[in-house]
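Consider the two complexes below, in which chain A is the common component and chain B and chain C are the respective partners.
Up next is the complex of A and B:
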């Protein structure tokens, strides 16, 4: 492998993790915009989605059906969590809300431990096929699936929030809660739906990488933290910002691991996060705030 | 009843002092459990100064726990330093880190602050893993000696138990004093309304940083005590999960009350002792307990206790 193909290889691994970070960041942003809450349990939906799909496929369910069921199950869990655990303390302080979502993440992780045990599980790839050679670097077919799923999810989000009445109503809640409720939009229903969307997308991220990553009940912590970083760098409330920042983070991380230091890549990434938070709290793409989904 | 209410702390002190020779039976295991309880009380109370009083969220308190533990561990195990000096060095470094990052980080609010403190925790942990030649990396730091002062070594579990609990009393007592002092009242003022506090001419940033430094020093003390008790340090014990556990203790016991978080630490650290046969259920149970507390008793366990006390006193006064 020559210099150039090594660089291409790093780029591919950056795209792979970048897709995951982008999806998780988007799921966090949707929940945040509509219900003004950052959910520390988002990593748990990542794990629940992946492990549900592992179980369903091992029970003999065909891949597409298992895929759809896992997304729906995760979305339902997220929506129920909002309805029965978040709504009762809706007006509590930010500190209490953060701790509530942490409590939910502990409970869901504990539940995953009871259901799936401690051992790591991996999913078979979505399609058989040899790795593809590009400029001397190898590309796993699953990576194409991951990128394809990411693009599809973003397209569906765009269609939902731009073209459907329900989506427009949810955007109205994000824009102005009081105004939206005066127009007869139920902000409670919007928050409920935003959790369903958020947990569904978080689950999708987990399912898409499940063939490349060994998953266990506690695998959700790091992806969630990286999703936070992408979300903060993207400006907290911007879906476009979150996607760009997610891919940026993935690629920067891959090149840091490859070229600078694999041991200190996280140190560097987290230091960059603190610097961005301090000097550019509206995110790197803060200027595009007025024009967003 | 009223008299009992006023002198409860004498009963508590007697219990702590007499526990090992009576109920504990001088056993290494039982005193070990209470040593951990004590260390976590220090952590929870120190975080309460920052979160409950100054109102600054931290999801990375274990960063200072880690600094204290590793400074003590490295200086005593590798360079043969005196444990007392190492402990002071750990507190100095923790305080310096808190002071250095405090002003810019504490200018952030709510979720941004939560994120930044979480990042700080991750930075410390990844540095510990990465700086293998110094810290032993992921495989851990071995052979941390027992705590000693010139002329006396706390190598016995019961001796160490008394040392840790003396520190607990010192930290809790001084925290209560701080909370009641003008400094503590200023923190509460900043917490309830920063703009109003500023209008009264309070330099909010400086007060917040001071609270952060104090809180970091106490957490570092807990780290040093942990290092000498364990004799072995691994980065896993200082991750974001540890920070989250401390946060859970705060809300479980009742944030902003000093005694509440201490109670939360006792509860959360003793619970596994009674449920060890259901180890796999521990995570789920902690989550559910915390959810129940947040939804049904926002003032925490301490709030319930004071509620009961008030009710009893109201009756006896009648």
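Up next is the complex of A and C:
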């Protein structure tokens, strides 16, 4: 491999992890916008999605069916968590709610340990096929799947929140609760749906990347942290910001690992985060919000 | 049509309404006047189901609606255009209007008809249809708020301070729309700080002070009452 193809190789690995960070960040943003809550259990949905799919495919379910079922199961788990664990303490302080989502995260991790055990599982790639050579670098077909799924998810999100009445109603809830209530929109239903969306998308991220990783019950921790970073850098409430920041983070991280040090990559990435937040506390895409009356 | 009886309500331990009763009948504009903090907006919130009253009842078209959910109350036929408009700035004008009809779950063809009927009242919204609500001027935003309220085909409209923060010409515009709505047979419960203008278009009025109704009567009579003129109109 020459120097250029090495750089291309790093870029591919940046796109791969960037897709994962972007998807997790988007899932966090959707929950945050509608229920003003950061769900720290998002990493667990990443794991639940992937491991459910491992189980379903090993039971002989065809890939597309296993894929759809895993997304739906994860989304249902997220929606149930909202309904029975978050909604009863809706009016509690932000602190209590955050502690609650952390507790949910640990509980779900324990549940995953109980169901799937300690050992790592690997999901077969979505399609057979040899790695593709691009500028001397190799590209796994699964990476194309990951990027394709990310693009598709973003398209579906856009269509839902722009074109469907329910999606528009959820945005209305996110922007102005009072106004939304007066239209007869149930803010509870919106929060419920936002959790279903969030956990479904988090699961998709895990499922897409599972064939490239060893997935076990605790694999969601780092992706969650990185997704959260992408969310913050993207401005907390911006889907576009989350996507751009997710990919930026993935690519910066890949080049840091490749060119500087794999040992210190997290340190370097987190230092960059600190610098961004010091100079731009509202994130790269955070609008300075002014409330008009 | 609307019968509010002895409502007590507030926020937490603060009691804002201390036994308010009022009525609005078919085809009339009823005006609710009073200083800031008298409880006018709180009363509207009780009627539209945003606040559950501690005591008292609200009946609409002979049906008890106390403590019903806001969406049930919208479906029953009451539409509340709130203080400060509360339109959705990041959504388009069309999406704002769409949500006005949300509680009814309208079909495409029905929606198109409803859009058309609000365009007849507010032609400017047709021009701005695809634009973001946040890019509208203050007067246009108020029109959008009213139009959004009309999308649920209300049998009673609650209008909270529609003239607030608008230039005098636009205020006139809004009041002429209120007259149009009345002519179209939609009764209105109007909360206003602009007492003189409100009394001119209203049939009847209630005056609130610190959570109670202190005076009520025929709007023209109140406008002619020296005591009222002195206290509320500074004349």
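Worth a mention:
In this section, the second predicted complex is superposed on the first by the 286 of 293 C-alpha atoms of A that agree within 3 Å, B and C clash if a C-alpha of one lies under 4 Å from a C-alpha of the other, contacts with A are read in each partner's own complex, and residues count from 1 in each chain.
Operating definition for what follows: contacts are C-beta pairs under 8 Å (C-beta built on N, C-alpha and C of every residue); 3 or more make two chains touch, one makes a residue touch a chain.
This is a predicted model, so every value here is computed, not measured.
Superposition of the two structures on chain A leaves chain B and chain C fitting side by side, clash-free. In the superposition on chain A, A:284 contacts neither chain B nor chain C. After overlaying the two complexes on the shared chain, residue contacts for A:169 are found with chain C alone; chain B is out of touch. In the superposition on chain A, A:183 contacts chain C only, with no contact to chain B. Contacts of A:266 after superposition: chain B is touched, whereas chain C is not reached. For chain A, the partner touching the most residues, choosing from chain B and chain C, is B. Of all C-alpha pairs spanning chain B and chain C in the superposed arrangement, the closest lie 18 Å apart. Remark: chain B residues 51, 57, 59, 101, 104-105, 107-108, 110-112, 114-116, 118-120, 122-123, 126-127, 129-130, 132, 240-241, 244, 247-248, 251, 255, 280-288, 290-291, 294-295, 298 touch chain A in the complex.
Residue ranges on chain A touching chain C, taken from their complex, read 165, 168-169, 171-172, 175-176, 178-186, 292-293.
By the touch criterion stated above, chain A contacts chain B in their complex at residues 38, 85, 88-89, 92, 94-96, 98-100, 102-111, 113-114, 221, 225, 228-229, 232, 236, 261, 263-264, 266-267, 270-271, 273-274, 277-278, 281.
Across the complex, chain A is touched by residues 48, 50, 69-75, 80, 82, 84, 86-91, 95, 98-100, 102-103, 105, 134, 148, 152, 165 of chain C.
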